[in-house]
Each structure stands twice: as C-alpha cells, then as structure tokens.
Amino acid sequence: KDACIDHHRSLRTGIPEVIYGESKSAAQIVAIAKTFLQQQALFLATRIDPEKANHIRKSCPEITYHTRARMLSCNLQEPDPTRVHGNILILCAGTSDIPVAEEAKITAQALGNPVSTHYDAGVAGLHRLFSQQEAITAASVIIVVAGMEGALPSVVSGICSCPVVAVPTSIGYGTSFGGITALLGMLNSCAPGLAVVNIDNGFGAACHASAINRK
Amino acid sequence: KDACIDHHRSLRTGIPEVIYGESKSAAQIVAIAKTFLQQQALFLATRIDPEKANHIRKSCPEITYHTRARMLSCNLQEPDPTRVHGNILILCAGTSDIPVAEEAKITAQALGNPVSTHYDAGVAGLHRLFSQQEAITAASVIIVVAGMEGALPSVVSGICSCPVVAVPTSIGYGTSFGGITALLGMLNSCAPGLAVVNIDNGFGAACHASAINRK
Amino acid sequence: KDACIDHHRSLRTGIPEVIYGESKSAAQIVAIAKTFLQQQALFLATRIDPEKANHIRKSCPEITYHTRARMLSCNLQEPDPTRVHGNILILCAGTSDIPVAEEAKITAQALGNPVSTHYDAGVAGLHRLFSQQEAITAASVIIVVAGMEGALPSVVSGICSCPVVAVPTSIGYGTSFGGITALLGMLNSCAPGLAVVNIDNGFGAACHASAINRK
Amino acid sequence: KDACIDHHRSLRTGIPEVIYGESKSAAQIVAIAKTFLQQQALFLATRIDPEKANHIRKSCPEITYHTRARMLSCNLQEPDPTRVHGNILILCAGTSDIPVAEEAKITAQALGNPVSTHYDAGVAGLHRLFSQQEAITAASVIIVVAGMEGALPSVVSGICSCPVVAVPTSIGYGTSFGGITALLGMLNSCAPGLAVVNIDNGFGAACHASAINRK
Amino acid sequence: KDACIDHHRSLRTGIPEVIYGESKSAAQIVAIAKTFLQQQALFLATRIDPEKANHIRKSCPEITYHTRARMLSCNLQEPDPTRVHGNILILCAGTSDIPVAEEAKITAQALGNPVSTHYDAGVAGLHRLFSQQEAITAASVIIVVAGMEGALPSVVSGICSCPVVAVPTSIGYGTSFGGITALLGMLNSCAPGLAVVNIDNGFGAACHASAINRK
Amino acid sequence: KDACIDHHRSLRTGIPEVIYGESKSAAQIVAIAKTFLQQQALFLATRIDPEKANHIRKSCPEITYHTRARMLSCNLQEPDPTRVHGNILILCAGTSDIPVAEEAKITAQALGNPVSTHYDAGVAGLHRLFSQQEAITAASVIIVVAGMEGALPSVVSGICSCPVVAVPTSIGYGTSFGGITALLGMLNSCAPGLAVVNIDNGFGAACHASAINRK
Amino acid sequence: KDACIDHHRSLRTGIPEVIYGESKSAAQIVAIAKTFLQQQALFLATRIDPEKANHIRKSCPEITYHTRARMLSCNLQEPDPTRVHGNILILCAGTSDIPVAEEAKITAQALGNPVSTHYDAGVAGLHRLFSQQEAITAASVIIVVAGMEGALPSVVSGICSCPVVAVPTSIGYGTSFGGITALLGMLNSCAPGLAVVNIDNGFGAACHASAINRK
Amino acid sequence: KDACIDHHRSLRTGIPEVIYGESKSAAQIVAIAKTFLQQQALFLATRIDPEKANHIRKSCPEITYHTRARMLSCNLQEPDPTRVHGNILILCAGTSDIPVAEEAKITAQALGNPVSTHYDAGVAGLHRLFSQQEAITAASVIIVVAGMEGALPSVVSGICSCPVVAVPTSIGYGTSFGGITALLGMLNSCAPGLAVVNIDNGFGAACHASAINRK
C-alpha cells in the first residue's frame, strides 16, 4: 500500500492531511482523493500542474482546480466568523511572486479564514506599501510573500503589531539562488517577531497564520 | 551620534527596541541604557557576556543580569492576564540548548506573557515529550528550541493545534554546521504550520509568540 | 575497451559488480550484460529509465525490469535462509520516496535477504510508525528511507536495538536542496548508531544491510 | 530541571544514554554522573577536555579519564564473548586522526566488544594496508577513520566482505573544509555497502558497529 | 624583497597604493611606510589593530591612528572643492556597523572628498531614514553600510537619484553568515543601480565613490 | 490587480520602472506595456525570449525587440549630450558573454547615454585589452562583463581612473558555478574601487553607470 | 565584431586559441573556424554536441567531428617524437567518465603528443589498476579522470614518480554535487604532487600535460 | 604504534614522506624525526609554528627551522644540475602570501631544484609582472602563489609556454572565504594549461613542479 493517509490529523492539529502533489502521479492522487471524497472530508492538494489537474478531474469531476495557486480542492466549507480572531492579510512583493501568494490564500480560506490581499508592493516604491497602512493595522496576521524584494517583510514588521509570517519565493536569478537569498534576509531581519517558512511554501505560511487566527 | 534609539517602536509594533549587545562596548550600552532609564521605559539587552554585564551594572545598578539567558533587563512590568490569550510553553531538546530557551523565556516574560518550560525532551526518548501532552494541549503558543535534535519541532507540531515557533540552535559539531542543519530540518518539516526564526534567536521567537498571544 | 567488469568482486566482497545505468547507453549496457549472462552470473543494473529498459530487453529478453525500482535483473537466486541472520525491514516516510525504497528492496532480495516493507510512515502522524513496533522489534536490520520527513530515522533509532541504515531522498523543494537537508539531519541525529548512505542510494543501503545480515 | 536522563534507553536500544560533554559545564556533568553512579549503571561521556575531566574527577574520583579519546567512563563491564559475533577492527588513516579512532575504541569496548586497531594506514602507501589483510578478513565489522586520506574506506571496502562504517575526521586544511571533503568522498564511494556517520563521530560509528556485532 | 610598492598607481588610477595591514607585521608596515614618508606621499593603511598601531607609531610618530576606522594615515591633503562634484553621504544601519562606515569616511576624506554621515538608521524604524531626505537628495554619491539590516540600501535606492554603493558588514549571528546574507540581499535588490563591494570593505566603497565624485 | 506599476520612479530615482520579463506571461506584459504606451512613457522590459517577444509584438507592434539583448523597448528618446558627463564604455571578456553586455548597452542608451563597446578582450591575450587604452582613458564610466575570464575587471581597474562596474556572467562550467566564481573574484579584487552587480545583471550595471554619468 | 581571435597565442604559450563551443551558435563557430582554415592553422573546438557539429560540417566539410570527445578538429599535424619527452597515459575510473578522457586524448594528440589510455580502472577493484603498473612506470605524465571514484588519483600518485594531473568529472548523483566531491577529494589528497583542473576539463588537463611533455 | 612511516616512498614516487606538522605534538614529531635521522634520510616537516620548532630542536639540534616557510629540515643534499631540466620560478602576488611561497621554495630546493623567486607582483600594477618577462621565459616550471589577487596565474599563463602551477592562499577577508575564491578563479581560468593545488599548499605545488623538472 503506497499511501497511508493520516485521517485523524485534523482532530489532533486542526489541519487535515493535505496532499503534496509534485512527485505523485495522477493515478496516485486520484486514489488518495477518493478516500477523502468517500468521507466527505476537506480535500486539498498543492503543487499540481494544469495537465495533472485535468487528468485528475476526469476521474473526480467534483474537484475544483485553482489555476493561479496550482491547487485542487473539494468539500470547502463556509468560513465561520465566530471561530477566528479576524482577517489574514497577504502582501506580495512582485508580480512574479503571485502563485505563492495564491497558494497561501486558497489554503487560508479552506481552513476557514477571511483573507484579503495586496499584490506588487515592492520596497523600491514604498508608497505602494504605505497606502495599505489601514489594512495592515486591521489585520490579525500578515503573510508577506517576496522573492527579489526580500526586504519587504522587515519593512512591514516595523509598521504593524500583529504577527508577521514571511514566505521567501524562488523568483529571481543569479545570486537569488532559487530563494535562498530572500530566505536568509528574512531570517536575519532586525524587525523582531518575524517568523519564516520554507521557500515557496505559501501552504505552510497559511497553516501557521490559521493556527494563530483560530479562536 | 552612534545610536539613534527608536523609542516609538513599542507604540508602532507592540515591542520596544531591544539592544543587541554582542558587538557593542559596555560604554555604548551604558549610554543607551541611560536613555531608557530616564524615560522609565522597559530596557532589555541580549547577548551580554558576564564580564560586560558586570561593567554595565557598575554604572547602572538598577539593571538585572539574567545569567543563563545572557540578558540585561530593567523596569520589567507585572504581566497583565487580561492582555493575553494564555500561556507560552517553551520546550527544549537538549541540556546544551538551554541558554537559547532562557533568552526566549526572559523576553516573553518581559513582554507580559505567562511562560512555562520543559527542558531536555529530545527525540531519542520520546516518552519524555509525551509525558508533557497536557501542557502541550493547554498552551496558546509553543516555542521549540533544538540543535542536535532538530526533529523535535516536527514531532511536537504533529500532536498539537496551537501555533509552533521553532528555534534552531548552534549546538552540535561536524555537519551540524553551527545550527544550519537544525534550521533546514525545521524549514522542511512535513508538519504544517511550523514557523522558524534565525539560529539561536530565542529573542525573536519570543517576540513572534508574544505577538500571537497578545489580545 | 570501455568497460572492464570486476567479475571477482562477489568473491572478494560478497557483492557482485552492479551496473550504474544512469550515464551509460543502452548499447553499452547490453554489451556488459552479455558478459554476465554468458557466465550465468547474477546481473543487476540500477537507475534505468523505462525507455532504456525497453531497448535493452529487446536484445536480452531474459532480463527483468522492475519498474518502481528502475532496475534490471537476471539470474536471481532463491534466498537461502541458512545464510542470513533474519529479516531486513524497509520503512519509507512519504509516498514520493517509494522508488528509492524499492531500489533497496530489489537489491536486498537479489543479495539473498528476506525483506518486508512499510511505506508512508511519516513523523507528522507517529501512530503510523508505532503500529509497526512488532515488525521493528523482529527485524535484524532496518533501512529507513526519508526525504521531506528527515526526522523519521531518529525516531526509529530510539525504539529499536538492531542496526539502522538511513537513506535520504531528493524529494522536497526549496530548502530541501535535493536531499541535502535530509542527509544532514540524519548525520546529526542524537539517536546513536544510525549510519547513512548517499542521497537516493537505496542500492548502497541494501548492500550495507545485506553485509550485516549475512551469516 | 536541566537534564532529564533517559535511563531506559539501554533496554530499548541496547545502548545507554551517553553524555555529550562539549557544551556542558563540569557542574552539570557531575550532577548527571551522580544519577548514573547511584544506579551503578554504565556511565560514558564524550568530548571532555583534560581540564574539565580534572574538575569532574575531583567530585567523582571513581570515574576514569581516557586522555586520547577525551572520554570519561565508569562501571565498565567485562566483555562477554557469547554476546557478540566477533571482533571490531578499527583502521585509521593518519596519525592526526587517532583521537577519533580512540573515541570509537573506548565506546565499542564499553559496549562489550573485543576491538583491535591499526593506525597510520594511508592510501599514499597502500602496502601498509595490504599487510593487514588477515585482520581485515577476520573482522566482523570494520570502522575506518580518515580525514585527509578520505579514500581509505573505498579501498578497504573493495577487499573485505563484512560491513564497513566510515568516520570522516576534521583533520586537514584548505579545501578539507573541516571534514566535509572526507565525508562527501565516503558518501560517493563506488565500493557498495559503505555507511557513514557524522564528522569526528567515533562514538556513533562504534554504536552502529556494536549493534551489528551484537548477537 | 618582500614588498614592491606600486608608487605610480595614483597617476594611473587616481588612487595611491593603500597598505592592507591585516596580515603584515608591524615591522613590514614600518618598512613600507618609510618609502612613502620619504617621498612625502599620502600614506594610508587599513585593518590595523590598536596594538599594531602603537608599535608602528613608535617608529613613525608622524603617522596618525584613526581608532574607530582602524586606519593609519600620513600626509593627508586639504580637500580641494574644485576637484569634486559634491558631497559623499555615508548612511549606516546599526551601531555595530560603525567601524566599517568609519573606514569609508577616512578613506574618502583622504582621497579629497567632503563627507557627511548619518548612523543607526535601520529599516525597522524607517522614520529615522526619512528624516534624512534632504541630505540624501543633496549627495552626489551615497555609501550605505549595513549588516543585520541588509534591506537598507534597497530602501535608500528607491528614494534618491544619485549612485548608491552598498557595503555589507560581517555583523550578525546565525544565518547572517559573516555578512554573506547582507551581501546577497544587496546584489538581488530590485532597486536598480545599486552596486556592491566586498563584506566590510569600507575602503573599496570609498574608492568607488571617490572615482564617481572626481571631476 | 496583479501589477501596480511605480510610474513616479523616474522622478524619484531618475530611472523608470523596467519590467522584469522572465517570470511574467506575454499577457501580463502586454497589460503592463499598455499603461506605459498610453502615457507615452519610456517602456523597457528585460529577459524576454524571442517567442514571448513575438506574442507581445502582435498586440503592441510599436514595441521593438532587441534580439541579442533579449529586451523590449518603446518610446526611446534621443540622447541629450548636455545631460551627461561623457561616454560609457562596455568591455566584454568572451564571445559568450555578449548577451549580458548587450543588455547593458540597450539599457544605458535608453537612459540617455552615449555608449561604445569592445568585445572578446579576455585576459589570456592581454594585448587585445591594451589596444583599447585610448578608449579606456576617454570613458567616464566603464562596465566590464566577464564570466570565465573573471580577472578582466581587476586588470582594467589597474589601468584607468574612472569608476568601473563589473558584471559577472553565468557562462562557464564546472566550478564556474553559474557565475558565482566570477562574482567572488570581482568582489575580492585588489584593484580598489571596483563595484559589482548581480550575475548576468547588465541592466543593473547600466543603471548604476547611468546614475554616475548623469549631470 | 563578436570574436577577436588571439592568433598569436600559439607562439606565446605553445597552445593555439581553442574554441569553447558550448554557448556559441553554429554560425558563430563557422565564422571563427573560417579565420583558422584560411591561415591553415590548427583548429580545435570543444563541447560541441552532435547536432551543432552537423551544422558546422555542412559549411566546413574539411572539419572532423570526434563523437566521444564532442570535439571538432582541422589541420591536425603528425606528432614529432623529437619535440616531446615521452608518452602521456590517460587513466579513467568509470565507463561514464570516458567522454572527458576522450577530450583529453584528442587535445593531447592535436598538440603533438603520443597518448595511451586505460579505462574503467576504479578503486573498488584495484587489481584492474595494478595490472597497468608497467604503463604507469613508462609514462612521462599521467592524466587521471574520475567522478564517482574520486580516490583513484591518490592511489595512482602513490605508485608512480612522474607528474600526475587529475580531472574530476560531473558523473554521479546526490552528494557527488556535479563533480565537486571528486574535485575536493583530489585537492586534499595526501599523495603529494597531484595537480588538479576544473570539473570535466579534459582539455585543460591535456594542455598542462602537453606543456610538461614538450621538450 | 601511532605512526607507520612510508620509508620507501622516495623510491616509489621520487618524493620522501614529508611530515604534516599541524596536528602532531612536538613529542610525536621528535619520535618520527629520529627514525629519519637514524637512516640519514632527508627529513622535512611542514606547518610547524615557532614554539613547536623550538621544542623539537631541543631534542634534535641538527634540525634547521625555516621561519618564513614554517618548515623543519635535515640532511638536505646539494642540488645536482644534471638531474633537472632547469629552474623553478616562484611568483607571489601579495606580501601576505609570502609564507606559502616560501614553503614552496624550501620544498623545491630540498627536492633538488634550483629556485628563483619574485614577490609582490599583483595584477593591480601589471608592470611589476612584465618586468620579469625574461625570468618567465627562462623558467622550466612556474609556481604562482596568490590570495586576494587570484587573477595573477591567468595573466602569467597567457605570457609563457612552460607548465604553470597555481597555489591559492587563504589571505583576504569577507568573500575571499579563506582562499576558496582564489582557488575557484584559478580552476576557471581561460588560460589553458594551468593546474591547481589545495589552498596554502606550497608544499604540494613544489612536489608537482619538482616531478615536472626531474629528468
């Protein structure tokens, strides 16, 4: 037996087992999805390219494909405002970082959080960030997604008091080293209280933010 | 003028400017401390070795030195339980990781949080962790500190539903690479929702946890 | 002459020369295979993609292709229980790590060992591992295969007394660095007695385990 | 409470908890040692420099210091030949690698194994290795310790059939990178069946070898 | 003959040979200094610790030691405002980065440039930077020195039109990697037109700025 | 809204927002381009492969594609010699480095600078460089582009007095590490006053050179 | 003008300019080749894939393609035994390293040297090397090519007295890191007198060997 | 027995076993030295600091200490001009690289070679190199030693036809990475025929040069 799904994880940790799609075949994912669909449980899968999504949706037409987020979902529930502290705000530095921001958005929504977003707010033109001060002050958690503009989370952290989660992306070239430079900049930020997740891990950032936002 | 303290930071971000002591002279720190003491503001400094602490306390005897945490403090306030959601739990993998755990503890307390700790709970003998399941379930945030036993945060994350912040430490030898291996293991953990701070950054973990715990 | 097979290796080391297929052409492998088939000796080749396997099997139809393990074999012998101490258990963290686990399985069987496997036993849901305690206690060697869940071998090592061989895999993204993070975590494990092989080297782990299991 | 010793580890894994001395104070080690001495259990500590050893032996004179291995021990038992398969052979490439080899030797003996050693057997003069062929053939496990001569384990592996455990050391300069080059060479060896432990980890190699040698 | 000073370099490149003091003995530096003093040429040496400076000044009392910059100088000339375009502004992120900023200042002044400085202007409190907008607009070149706050040069670059030279410093801990993280952040900045020099190389930044400012 | 163009950047920094094309779709770039064309503002985009260029030019035929530079441009203005100090000289080490040199050339011209170039002037045959001494002396800034011949900027710096900007390229194999070796060599050059930009960043070098050359 | 061939290099250094084909188009190479053919000078190009070779040979049919070495040549001269000291021996560890060994062979022959080869002589079966002792003793220089078996040059160096040049190859997987592990092992060899060239640089090794062998 | 000297190495390889002194105690070196002195064989030891040298010379007063080279020697023979092809030239880039150059000089002389040297010939002032053209043309091998001026070997290689051996040194700071940058620059040089040894390995360069120079 190839997969041994941890169907109790949601009870234990508040977050169900989510399928990492990158190195699984469409057939493997269909088999796994069916065990979720049978139980009418929330099904989420990340890192699914469009072609694989097509194959899977042929067997399981009730599954939705979120193109920009490269995710599959099924059995999404309505968010319940009495279960959360407030709103998750997602800020995104460059246009090219949007797929990672969208992965965070879909995940956070699937886990029951209201989400708002503001994209293309790079440090080279800070007025684009300052124009969002109101949304920043209102948020209960902020997720900042940045690749080439790795400095953005530091600046955000300096102007808000809620927890900030930073997601480095693999966007860039040369010494961006597939996201390592952004990651390191975020880990070394002097703006205290910033926490970081793996490169391109919009999913993980949303899980952390959701745990924070959960009442 | 060498230093230009950001005395408004507490208003803006909820966390006052904390002095990074490692590469400052005792004289520089005394000069900075005096600007805090005059305002009767919370004064905190990290990475102060015992000898430097002695020098500083000669000029400013009202300052306390926390030996295990290698920190200085002054004007600590009583925690106000109505301002926080609950308790911060600090778990520490090995005896050698304790100084980093203590930096997190002193910082979290100074920022107004009730804190409890459990040390030496490495993965090689998991019963030592499972015996803490009650405290784990009760916590509103968990900070996990680990160097050679970098796997601990993954295991903790799998058995709790509150947000978990992982702090890698520089303890180890050979391919521990001064904490890089622990850091990388934490960033790659399959247990979703784990967020990470810089190596040995107990201070930063406490700031993030405190922002989470603040009402 | 391109290849100069070490046909005495089995006598000297108990393990025959096994062909590394990745950077050899189908023609080169056919030429080498024929020298084994003529001697009716055990023939094994690793890292053979399906297309190359097809080409080779056209010239040498007596060769078997193991799809999941990406291996070729011929002249496999029946295992002889009087030559081994016991059973080799292969544990595998994630579904995506299975090809490496299968390479270990086919190799260990070809070298005369009884093998059992348990797949998808990641650290984020430890009950999946603890349910195997009996098989773990019964094994004479355990091979643990893990990529994103690099912590698994530490946990296994803490609950068994037989030798454990860890195989990091290249599965993951971002800071998994093609398996380096898993490798480093395994080398730094506090669970003593863990030994490690190269990333994705299921073949090498099986050779080491087989030498341990040989009477 | 700083330490929380895993006194059951020996039952679970066959190897007692061994104290990592490098980042513990003499006082911390004395406190831990006393819990072992009270139970008359085997006490072992690694990475103890002579000065720290002196301090500790003032409080606990029944403890022995092994200078070359930089280890402390107490309550060593007589080896019981009916519990092991045979002899552990330790080969060491350069004179400068000897402390790591000695750490392996003391550990292996403390765990009940008969041990023999051969030092300064570098690859630049292979006759020094070939003169040991008899001891190599007789061994039930071989530990090979090497820093600047990282090629030695590959050569040994090619001339024996028992399991080989390689320990890279941090000896060397320039591109030896504190043992990384030796480690990488060992992980990439074409001699199948070599398994590797952390840089300078003579202790871990002995634990793995001892688990292999245990009946 | 140990040294072979390039006394024509000033004619060829506008910048005289400056002595790199770190790995030279006091005696070697005295010998070199005398060849400059005989010619009444500008003498500059970098990376001189206080003790070495004392030794050298015993033989050559006409030499000045700049403590914060760790530099020696002799035969400094008055700046000639007709030879430069304007003012060099040096911005420094943290108190701990000041020695590098001072190396840049002394060098730039020695090469004939008017220099102004503003220290401790980190990104976590941006108002400290914005209060300098006037000086920023007036400068003909800006040197930005930053270690833990590696994001500062990006922010500066976004609000000025003169050339900006960034100097990463080795200040920080953990994943600051002795300045590599700051360096990489600066190289990847999206704020176009930023150029970078080696870690801690205040001297080189001043040479580049001086070449820009030279009429 | 995916993009939020910083249309004031040219006023603030002298350099308009330039589109980084690598990870944007043709549709995204067309949408952005139209906001520039409407305002009749200078439009520049970098890292556009020929196929993407074709798609874009179908929607916006007024845009020009610069094949060797892999750039798009529109609304280029005539250079105004009264706004600049002089000429930018671009030196290029190897034939394979030309695309990066061309990116620098098109950018510098678009920003209003007269540009001259000399290509294939590697260090292995220095006479090819010395034959350009006149152009070198006449330049007001020099951009040196080099991959496998990373030593070129050091040599150029030693024979000129204007500012030199070095661009490492990703050309090479083995230990060239995609441009890291060239970058490191440039950062460590003993020829003082060399400043460096990211690997393959001809665009950034031209922005820095243009800021230097602007009156 | 894209290329500026150094046609005097042969006079200055004994080795003509050789074309690095990897990042040049067929058209660029044809243009360069024609300047050599006109002068009837030795033409050599490395790193040419078969398809590019076909294109080039359509324009220049007098050029020969060496498939295994991936090289082009024209105007090869007869070796003149009075110009060299003796024979160059090329040893190659694995079958997969042969293309690099062939690049060395064709280059060495083109530069006028008699060459002999012995392939597949890995360290895991040393008898395959010792059977070549006679050829090893007779050689005036030895080139050793090895990837996964990076230990081979150390062993060869220990049994011969002529200069040895080691070429690491990019063959391997996991921690072979595209040849870095082999390179590092060769640089750290305890067998004195080994010199090393870039990964996969059979061409450079042959140039060095040829300079040694030239009378 | 700690050491097992390879007294036949000189017969086999032309170079006697030379003692690596860095991690051996004075007592260990004295014991080894005595086995050489008894046989009146050439004794050489590298990496001996002055204090260790003093201790050793108290027991063995016939041993000479070479302060700048940090080497010990005894039983040096007169060079025999009939056994070598010619002269070894050692070029050294910076004053700080001299200890490595001296290690090469003493070794080469001890192995019977006439040696000449030229120090402080950095690339930033190339006339200092070109003034040595005559010595360069006359040499039979050239050793180039360079740290911060890693470009020197490329330039030398472009103006001579004898074999060139490059030695990177650990001199520098920041991104010089203890010699890695110099090493990488040398491995990637476009000047064909350059071979490289380990960082600071003057000894190894001299061994290679001596093997080349031996008749």
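Points to keep in mind about this one:
Order as written gives the chain letters A, B, C, D, E, F, G and H; numbering starts at 1 within each chain.
Heads up, the rule we're going with is that a contact is a pair of C-beta atoms (placed from the backbone, for glycine too) under 8 Å apart; a residue touches a chain by one contact, two chains touch by 3 or more.
As the structure is a computational prediction, the values presented were derived from the model and not from experiment.
Common neighbours of chain A and chain F, by the contact definition above: E.
Counted as hops between touching chains, the shortest connection from chain D to chain G is 1. Note: centroid distance chain D to chain F, computed from Cα atoms, is 56 Å. Centroids built from CA atoms put chain E at 50 Å from chain D.
Computed from the mean C-alpha positions, the centre of chain F lies at a distance of 35 Å from the centre of chain G.
As a whole-number value, the distance joining the C-alpha centres of chain G and chain H reads 26 Å. Looking at chain B, residues 9, 12, 20, 94, 122, 124-125, 148, 157-159, 174-176, 180, 183, 187-188, 191-192, 198 sit in touch with two or more other chains.
Inter-chain contacts occur between A-B, A-C, A-E, A-F, B-C, B-D, B-E, C-D, C-G, D-G, D-H, E-F, E-H, F-G, F-H, G-H. Listed in rising order, the residues of chain F touching chain A in the complex are 1-6, 8-9, 12, 17, 20, 22-24, 28, 47, 168, 170, 178-180, 183, 198-201. Across the interface of their complex, chain A is touched by residues 93-94, 122-126, 148-151, 154-155, 157-159, 172, 174-177, 180-182, 184-185, 187-192 of chain E.
Those residues of chain E whose C-beta lies close enough to touch chain F in the complex are 9, 12-15, 18, 20, 157-165, 183, 187-188, 190-198, 203-205, 207-208, 210-212, 214. Here chain E touches chain B in the complex through residues 94-96, 98, 119-122, 124-125, 127-128, 148, 171, 173-176, going by the rule given at the top.
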